[in-house]
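Below you'll find a set of structures to go through.
Note that subunit A is present in both complexes that follow, paired respectively with subunit B and with subunit C.
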Partner chain A sequence: MVRPRGKSHMLDYMRSNRREVIAGVVLIVLLATYIGTHPRGASTYVMTIWANQCLILGLAACAQFFAVVVRGIDLSVGAVMALTNCIGSYLLDGSAFGMAFGMVAVVAAGALCGLLNGLIIVFGRIQPIVVTLATASIFIGLALLLRPTPGGAVNYDLADGATLDVLGIPTALIITGLVVFAFWLPFRRTGLGLGLYALGSSEQAAFQSGIDTRFIRLAAFTLAGLFGGLAGLFYSFVTTTGDAGIAAGFTLNSIAAVVLGGVLLRGGVGTLVGALAGAFILKTIASLMFFSGIPSLAQPLFEGLILAIAIAIGGADVLRARNKLEVFA
Partner chain B sequence: MKKFLLSSALAVASAGMAFADTYRPECFAPAPDTSTISYDAKEGPYKLAFVNGFAGNDWRIQAIQSAKAWAARPENVDKIDEFTVVSVGNDSAAQIAAIDNFIAAGFDAVTFIAVNPTAFEPVIRRAERAGTILVPFDNVLDTDKVVQVNESQLALGTLKAQTVMDILGGEAEKILMVNGLPGNATDRDRRLGMMSVLENVDGLEIVEVVGNWDTGTSQKVVADALAAHGEFDAVVSQHGSAGSINAMQAAGHPIVPMGVDGENGVRMLMSELGIPGVSASQAPAMSAIALEAAVALLEGNELPQTIFLPIPQVTSDALEAGANYFPDLPKSFNTGTGYAECFAPFTPEELLGQSPDNT
Partner chain C sequence: MSPLELEVSDMFDSTTPLLEMQDISMHFGATKALDGVDFVCKAGEVHAVLGENGAGKSTLMKLIAGVIQPTQGRLRVDGKEASLNSPKTALKHGLVCMFQELSLVPDLTVRENLLLGAPGAGLGWLKGRGLDTAQSVLDRIDGADIKMSQRVADLTLPQRQQVEIAKAIMKKPRLLILDEATSALSASVVEKVFDLVREERDAGTAVLFISHRFHEIEALADRISVFRNGQCVATFAKGAHDYGEIIDMMVGQKIEELFPEKSPHRNEAEVVLDVRNFSWEGQVRDVSVTVRQGEIVGLGGLDGQGQGAFLMGLFGLLRKADGTTAISGQPGEIKSPKAAKHQDVALAYIPEDRKTEGLILDQSIEENLELAALGRSDLNAGDAGLYAGTLDQLALKHGGLHLPVSSLSGGNQQKVVLAKWLALKPRCLLLADPTRGIDVKTKTEIYAILRQLADQGTAILLLSTDYEELIQLCDETHVFFNGEIVASLSGDDLTPQNIIAATLNVSSEGRVNGATEGQVAHA
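And now, the complex of A and B:
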């Protein structure tokens, strides 16, 4: 693709990534408010607390993104987190080698959960919403078998390494950067990355262009599971314990986050960066209540309002479409 | 560093054992075999926060109101520079973040009801480094590094069972036990307390049902138990006792001694029907005691590491409308409005004047 240079290049970029730009601006305003109302201001400690909260939901939103972009949905994101968190509470302590193996095993367990979802969806030809609702119960059941009551331990040095800061920069933000620059931007240009969008936009067209739609869908749900596993792993680092009861909140919030980040639930539109931004926005709103005087009981109301406004802005596309038929395409 | 911390903790603990006299032991009573903790005194007034988890039931709402009522009392107003309440929902990561936020903001003490009792070791270390005192209560932690406030659940169970057996003169043939939510340490300890009394009664048949601490569930399971087993000599219930009483009334069961919880509606029924026995429970005013303990620690006093508060209780002959139950208030109001050994219990007006919102 050839892009014009200079000023119009910037405008062009903003226009083609309108949803991400809106999400980014909202996030910056909210973060400024949070830091502005925090008595301690923009210190490393405050930024670290904020970034840890955001990254947990951010990774869950990445998981949801891969399901949604291929026109699916994953109701097992929270359940995968609960299961991998409980597995982590057994494997993330002991020798350095043991912990390294444990981290790989936790993420692999998440990917396996996702692969299972994908296999049932692709070969069982069942709607993702039904499959993941069922597997979510299975994953939570397994998590409860592992940890009937919260417990277990995660090595504190490992947990501190993942949740504190490196030279004043919160580790969680470094991980976010790695996800975006080392994974997403290169990945998006691969055949698989493009295939996700092709499949999400029109399965028929993708199939007729010779894309292996079954493989793409399997890969998308496996990636969703993998990011669910990463979210569970990071949750383990933050809480240093295993808890099978965490699923409910994260599944719904991950869906809210991707919608907020401009990922369309009808598939094919949106980016991982948008999903991350949506998650960061939701968690920043949650952080606002500490010192801005917003009552926590009114917080769901605020989250809902911001969600509604964000969707309304995204929906303004309708007004700009040259042909009303485009809206329904 | 770890070793140093451990040895200093041991020094504190052993010093505590030697003196044995902690601050106001009639209120902050030590649990058996607990150590003691004290910090260097700090100049007031203090910045205090209460980080609640879940806020969706009457008990939690009343705990928030009790904390606010404590902060509004004239004897406490001057000690407080700032007092904040937040409820973060059932997410331990969010609760850790909330506590971290208050540590970062330089708060002197944070009280909280833990969402997950095993998740707080790292935040305890960060609080220690920053000089913020943490006082968990109600759902306490698996740690011996901070002062924790609770009632002895074992003693609560023992009290109910002992009272009904005393009324029966130590002899009974069949007793009904309505247990709480299974798989939970509180349920386990309350049941063990009841069993410690009942197991020693010769020839006693103990029928156990699971009431989930819920009035509706209790009513159903007690109705079933009455249908299957006929009459009982006594009933002990962990919580949701109004359901047990209603089921017995519906089945035409005679009035027998009961050990019940402290909800207003339960005491109203007890008084109305003339049920002999005792009403006692975990009091939501514990949130205020946790704040009182936090201030005591900030002022340099020594407290037991695990505090078992004196259980607020009333026997049926001491029931008095307007004093220990309130016919004008909702049945769900919890009569645990305070611990008389600590400070004068809150009046219902003091509590109901407080909003359950964050401040």
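And now, the complex of A and C:
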């Protein structure tokens, strides 16, 4: 019964996280190409603009990740961003205390939106796709009431602090690092972090193991809302205005990003790091196109092709399966 | 001794039963799964629960584990009324269930699965307490090669059961429910699990034990309760009634013989299936098997010795398999299940795990029946007449063919898997442990049908983890070890001692240890 196991620990680790490894390699290659083709090279200026664009989608992808990992989907990610962005355009100016309160309020508003989604899904027993489609309209409606046309202002010092650089390192990359190292890695080792995967992978097994599945699902959607709020907040810092019309693009791109980052839509598989990597890849591709001279109308075509290829590489291990039943596992 | 400790020791007093159920009923719509059941479970005792599928055993276990709540009745833990409204509450009372439907999360690692719902593991930081216990349990039950970092989805079925056992023991249960907990494990591992369970019992744990294998009940139980039609018909100490009497209680009628009589051996009968030098990736090595018309040929051995892969390979499920297969003298290359079921070959394969590989649980019985015939150009899969005969023959109990397969009991689900393949009139039937976790009565029916099919000329290759089947049902049994056939037994050589010796790959003259002998006393 004992099979020889000659593989090293490192290889084991890479294999069990191969989706993230693939996404990471793709990202590095793309980034190198981008820096190589950019007329100004790897300057802090270029890197900062790149990192800011990536982090907005990255946070949206984090939001989507929490919904997808529990076998759900959140179609309101973009709408939560739009709403929190519009709220931010009112609250992120004035005294230091007022701005601090504003930032907390913006993120709390996002979490509240997520909590609302979760409550309807858990207690109304309605599928997430239906619930979030409906609430997305509500959130956009509220955003439009707040900002019928783009406008408002965000304190420039605050915005600069969040979107420029610290000692040459883009602040957006520092925030990304904080999300991964200060939040995600510890979170993954908590009962809640484990519960998310258990719920997405097999709800029945999770329930029979004594997990409070309703609370976990509620927590997952609240976290999705919270990260949607963070995305909206950071978007406010980057654009310094409020705009209710940003929802649709971010929702779809957040789904594309998690898929690209190796998060399976069937739930239970993938990591926040993967979702972030997926978002960074998508944005880097878009930036590459901008400088490569491809007509902007052809961009969706190329983005789609790259998406398809990346997913196909992720699924290539199917070819190695020796037992044909494993192909479908 | 502090007053608190006194109170605690009072709670364990053997005069107060650990769990007491009074007048418990459980209705699902019009079906009464349990009907006014009184049931008592004492600490320090292994209490076996017997009954056919659908007798209410699993429902009873689910009630105790808090998965479902009774329609009526009262439940006391340590003499105090308790409401078990979720598995979490049941766990708090120390009631731990090892479910027949595995409760492991496939995408998580072994370690993470063990941590899920472990004692003291809430939503906060996981300290990994109890993992040492789990590891030592795994080491004891031959699970040392299961790595903590392995994904559960990558484990074999027996390995998953081993992890389930470790997960249950690590929760330090006061009442441990084993619901078909060892159904996929081989005899030597089962014996080690039993040693562990006996230790738990001697330390004061109450054990509820469900199994369809009589020798397991014989080996482990102190007290036996028999369930029939949602009622507890008898509770008695082990030894008060013999094998035959217990079966009578379970089915409510006499069963003279569990197994049909073997047909006279026909050495000169036509060879239907002839496999030569089958090999695959080092897991199956140079295996040759011949099945003649009218024969049932058994495949035995410990888990994962290549017998399962051999059956899959015959049916075209494995890549890069070597060897030749001839059906009725016609050599053919079987590269896929579609080729295997083609009318010129006409193989049928009943997989090991009916719930994931044999059936689509959410689809109706009708739709499941059609799946095998689809793609056969000579058959109309949509024609209900195709299945009517086999359904009658199998005596499938159902509430309507339009209902989902998941509404059937385990035994009847297996009958659906059989029916869909029998409709194709296969020349050779490959069965991977078809009676695992199925009640005695349905088993008997399936045995009779297999014998009948064999007599009608179907060649049958039967993989089994149950010695009794290999001895009583099969005309010849090949025992696998490390990918090879190490013994081919037939006629008078087909004895428990010889099979055990071969599965352990020792000569039959070698000493067979007492524990193993005890297990097959009934065979």
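As a working rule, the second predicted complex is superposed on the first by the 311 of 329 C-alpha atoms of A that agree within 3 Å, B and C clash if a C-alpha of one lies under 4 Å from a C-alpha of the other, contacts with A are read in each partner's own complex, and residues count from 1 in each chain.
Everything below uses one rule, namely that contacts are C-beta pairs under 8 Å (C-beta built on N, C-alpha and C of every residue); 3 or more make two chains touch, one makes a residue touch a chain.
What you see is a predicted model, and the numbers here were worked out from it, not measured in a lab.
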For A:R40, is the partner it touches subunit B (first), subunit C (second), both, or none of the two (neither)? first
I'd like to know which partner A:S16 touches here: subunit B for first, subunit C for second, both or neither. second
Could you look at A:I56 and tell me whether it touches subunit B, subunit C, both or neither (first, second, both, neither)? first
Residues of subunit B touching subunit A in their complex? 55, 84, 86-94, 96-98, 100-106, 116-119, 121-122, 125, 183-185, 356-359
The answer for subunit A against subunit C in the complex is residues 1-3, 5, 12, 16, 186, 189-192, 194-195, 197-198, 200-202, 204-212, 215, 268-269, 321-325, 329
Hey, which residues of subunit C end up touching subunit A in the complex? 65, 67, 86-88, 90-91, 97, 99, 101-109, 112-113, 115-117, 121-126, 142, 145, 147, 149, 151, 153, 167, 280-281, 302-304, 309, 312, 316-320, 336, 357
Quick one: in the complex, what on subunit A touches subunit B? 38-40, 43, 45-46, 49-50, 52-53, 56, 148-152, 156, 159-160, 163, 235, 238-241, 243, 245-246, 249, 286-287, 289-291, 293-298
